[in-house]
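Structures given as structure tokens follow.
Each of the next two complexes has chain A plus one more chain, namely chain B in the first and chain C in the second.
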Partner chain A sequence: MEDKILISVKNLKKYFSRGKDIVHAVEDVSFNIRRGETLGLVGESGSGKSTVARLIIRLIDTDGGNIIFDGVDITTLSEKALKPFRRRMQIVFQDPASSLNPQMTVGTIIKEQFLIHKLGTKQEQEKWVEELLEKVGIDPSFKDAYPHEFSGGQQQRICIARAIALRSEFIICDEPLSSLDVSIQAQIIKLLEDLQKELGLTYLFISHDLAVVKHLSDSIAVMYLGKLVEFSNKKDLFSNPLHPYTITLLSSVPTIKGEEKEVELKGEPPSPINPPEGCPFNPRCPKKEDICERETPILEEICEGHFVACHIVQR
Partner chain B sequence: MGNKKRIGRSYWSNIWEKFKRNKLAVFGLIFVCILILLGISAPWLAPYPYDEVHYEAVWTPPCREFLAGTDQLGRDIFSRLLYSLRNAIIVGLGAQSLIVVIGLTLGLIAGFYGGKTDNILMRIVDIVYSFPSYLLNIILVLVLGRGYFSIFVAIAATGWAGMARLVRGQTLSTKSRDFVEAARASGAGNNRIMFRYILPNIIGPVIYSIFSGIPGVMLVESGLSLIGLGVRPPMPSWGLMISEGTGQFLYNPYMLLAPAGMLVLTILSFNFVAFGLRDALSARE
Partner chain C sequence: MDLLLSIDNLNVHFYRSEGVLKAVDGISYNLYKGEVLGIVGESGSGKSVSVLSIVRLLPANGKIVDGSISFDGKDILKLSMNELQDIRGKDIGFVFQDPMSSLNPVITVGQQVMEPLLWHNLCSREEAYKRAKNMLGMVGIPFPEERMKEYPFQFSGGMRQRVMIAIALICNPKLLIADEPTTSLDVTTQAQIIRLLKNMRSELDMSVILITHNLALTSNFCDRLIIMYASNMMETGGTKDVLNTPSHPYTRFLLDAVPDIEVEKELVPIPGTIPDLINPPEGCKFHPRCPMSMDICRAEKPPLFPVGDGHYSACWLCGRE
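On to the complex of A and B.
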């Protein structure tokens, strides 16, 4: 089992300073993703999902914890030592328009990947660019067009082409659908699924919306205020959600009959600048008890492969 | 999409499209081109050498022989205007080039590397900013001696700070954009990111700043020649011609109106181009 794990993060921490305050963006996050599978990372805006992504892909440095990629600890590798790993993991951002350099044609944008890693001859690079565009459903004859000449959905396809250009195994999708029309979201999901099947990709799929990850994911991690509150395979999470936060999240996912259950989140999410004592969710939790305000619950395995951080459930 | 003939329209051709829609800016650009051409070809276009005296024809009003009249030494004002234009353009472009080289380099380094480098560089910028720049210009010309080079240096010594500040700000905001992050995540090195990702995306505001800065430089040069520190006489300059013309305004108004008019025309032309550029750059489609 262990050897199937492609990426593993352990006790990941990241704090930002904002003036005098400290933002607890990521607090002790651990999870594994097996090769060829998809982990859905869910949480409200500001819960630290993008920070986790940027830590894993080494765009920012950790304040604690480890990132292990295919058995190698890459947490503190120098940029030089990291380069071979950069080839193997890529990221697709939320806003495709700002993810593409407006001064480059889309062909050049993809070709940059080969130039950075010194791969192939000029002719080969051109050929690869055309193949990649074709693969993501963009007419290769548009390779000399600029990003602003494409629609949002097409731009996101180009971002995906760039992400798979180096035959990377691991791709982080940071809310790749959030800025797209609903009709186009389905097409992009389909594309991501097809590519995963064809290329054996491993995804970390980030979303604030459980409904989106439901379709794609093998397992799901729920984040709240920088902490992981529940982690499980998809089936268990949807059939038997344990954490009160997950339950409220699920209740806002439309059921098959189209009716919505009546559990609503009270109040705004507390700020990660001064996270509440004890369980981060306690100010909004319908099942709150005294202990929740005193002690921080730890993520524990309740049943096989189903982890939850909640005093009430753990009893 | 679908519309095949629009394919391959770069960011710059879009800016140009928007710039062209602004009539005033297009006029400005045409004038700037004409003025630069006139300036360059002054030695061939001028009917007389700029320092040729005609004692028999002092203070001649504009006529067929002397298109803009003559001054107190009987020198042809039209020829002197052309040479002044030439000087203004040499000083404007020369000093701005120096400003761009210094400001772009330091601003890019400060914004890109951040941290201590940034702190030190921006402290220097603040100091330069807080100096009375005209005074510094004067002192520098006095120290370096008169001539084109010392005027370039004197103006650039204070002018680079504004450019550095602009470039630093642009670099900072571009650096955190997703396409730079994506390049970094792919393993692109610092040089590649600076020259292929950041620089091309900040060059628009830099060009705007070059155009909008040229009139200021020309005015500084005129100011310097007003107090006898500009280009070395008898080489003419607008500042000098204007100061000579002011005393004659009641008797020979053309001596003031001609250089003042040319100065205003040149400055307006550059400003109109700058405004057009600013609008084209900030317009979002």
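On to the complex of A and C.
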């Protein structure tokens, strides 16, 4: 099993300073992603999901912990030593319009990847660009058009073409659907699924839309206030959520059947500047006991492959 | 049930340099007192414009070119600006998508909640203060008296939306229009806000129009739904009827294209993209994306055919017999 793990994150930490304050953005996050699988990372805004993504591909540096990519610890590799790894991991952001250079044609945007990594001849690069556009469902004859000439859905397809250009194995999708209309979202989901099947991609899929995450993921990690509170395969998490936060999160999702659910989360998410003592969820937790205010629960395996950080559940 | 709002054959055009954009193309519906109506559509479907027209809040290049709007017995299109301003904010309250840009950043929250009462001369300053305090408490803001002295930036997104709701409801409106009120919020906060709107509706006995792109959000809040696509009404009916037995291909597509947390299903994306509204397709606006389209769909715009009790669908497939 071990050799199937592509990404392993151990005790990841990241703090940002804001004036005199320290924002505890990511606190002791550990998980593995197996090759060819999709890990869905969910949580509310400010829970640290995007920071985790940026840490993993070394867009920002960690304040502690390790990132192991295909058996190699890349946490402190120099920029030069990191370059071969950069080729193997890519990211697709939420807003495609702002992640495409408006002054470059989409063909050049994709070709830039090959130029940076010095791959192929000019003719080969042109051919690859056309193949990639075709693959993501854009007519290759539009390669000389500029990003603003495309719709939001098409722009996101171009971002995806760029992300798979170097045959990267690992793609982070950071809320890739949030800025798209519902009828377009399904097209992009389908594209991501097809590409995964065809190219054997490994995804870290970040979203606040639990229905989308459920549809795409093999395993799911739930974050709350910078900490991982639950991690499990998809089936167990949705059929048997254990952490009180996960339970309320799932019951907050509106459904077509529209049954009224009883659990409602009270209060506001606390600030990551002064996170509460003990369990981060304790001020809002319906099952809170004294120990939750004193001790931070550690992520523990409750049943096979199902990890929870909660004193009450662990008992 | 008493009729509160009646819109008949509303046509709104936007004049752009590229041409005339038909933002609303002949829409008619009624809203009864105490009813919650959901208007669902994607961006550019005309859902917001059709509702902003009710108080004639259109951008400078937008114009209501045809149709009639009657609200509480008044013909809106014949009212003077002064008469309209009596309705805005008093009889009709608004909640928009982004609370931060709807609130004034340099005025205290308390002032902003009191403002509609004072502006409409409904009560004294002391009375307005008391009512604002009560309203903020009602919408679930803890320590309302202290928080009235604070500014919008000191509130979280969910709390700001509660403030917006308090402002919209402070004059006891007959109609609350909520335009994507939870789109910028997290799912747990969204659930809180929808629950709050539901409670306030029954407590204040008002009508609500909820505009959203999220079909699932309507399921346990709205009594009736209107599905809009490319400036046209595609389907309308009771919420349960529309969601359980959708009759327009677009509605069915919309339901199939969105993953549901409770149902494991294959997603069926809607092919193609939303049409250009300056040069929209002839006939049914959905025909270029519709796998069931026939010759007549390309030639003639379908009227609303009855498909059930109060359930109508603008699709030639429903009117063939």
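We adopt the following convention: the second predicted complex is superposed on the first by the 310 of 315 C-alpha atoms of A that agree within 3 Å, B and C clash if a C-alpha of one lies under 4 Å from a C-alpha of the other, contacts with A are read in each partner's own complex, and residues count from 1 in each chain.
Here, a residue touches a chain if its C-beta (ideal position, glycine included) is under 8 Å from a C-beta of that chain, and two chains touch if they have at least 3 such contacts.
This one's a predicted model, so the numbers in the text were calculated from it and none came from an experiment.
After superposition on chain A, the partners chain B and chain C are seen to fit next to each other with no clash.
Within the superposed three-chain model, A:Phe16 lies out of touch with both chain B and chain C [touch as defined at top]. Once the two complexes are overlaid on the shared chain, A:Leu59 sits against chain B while remaining clear of chain C. In the superposition on chain A, A:Phe238 contacts chain C only, with no contact to chain B. In the superposition on chain A, A:Ser151 makes contact with both chain B and chain C. In the overlay built on the shared chain, the residue A:His117 is in contact with chain B alone; chain C does not reach it. Contacts of A:Pro102 after superposition on the shared chain: chain B is touched, whereas chain C is not.
After superposing the two complexes on chain A, the shortest C-alpha to C-alpha distance between chain B and chain C comes to 9 Å.
Residue overlap on chain A between the chain B contacts of one complex and the chain C contacts of the other covers 151. Those residues of chain C lying in contact with chain A across their complex are 42-43, 156-159, 186-192, 194-195, 213-217, 219-220, 239, 243, 253-263, 267-270, 273-274.
By the touch criterion given at the top, residues 54, 57-59, 79, 82-83, 86-87, 89-91, 93, 95, 98-105, 112-113, 116-117, 142, 144-146, 148-151, 154, 159, 162, 166 of chain A touch chain B in their complex.
By the touch criterion stated above, chain B contacts chain A in their complex at residues 1, 6-11, 14, 177-179, 181-189, 192, 196-197, 200-201, 285. Of all the residues in chain A, the ones that touch chain C in their complex are 44-45, 151, 153, 181-187, 189-190, 208-212, 214-215, 238, 248-260, 264-265, 268-269.
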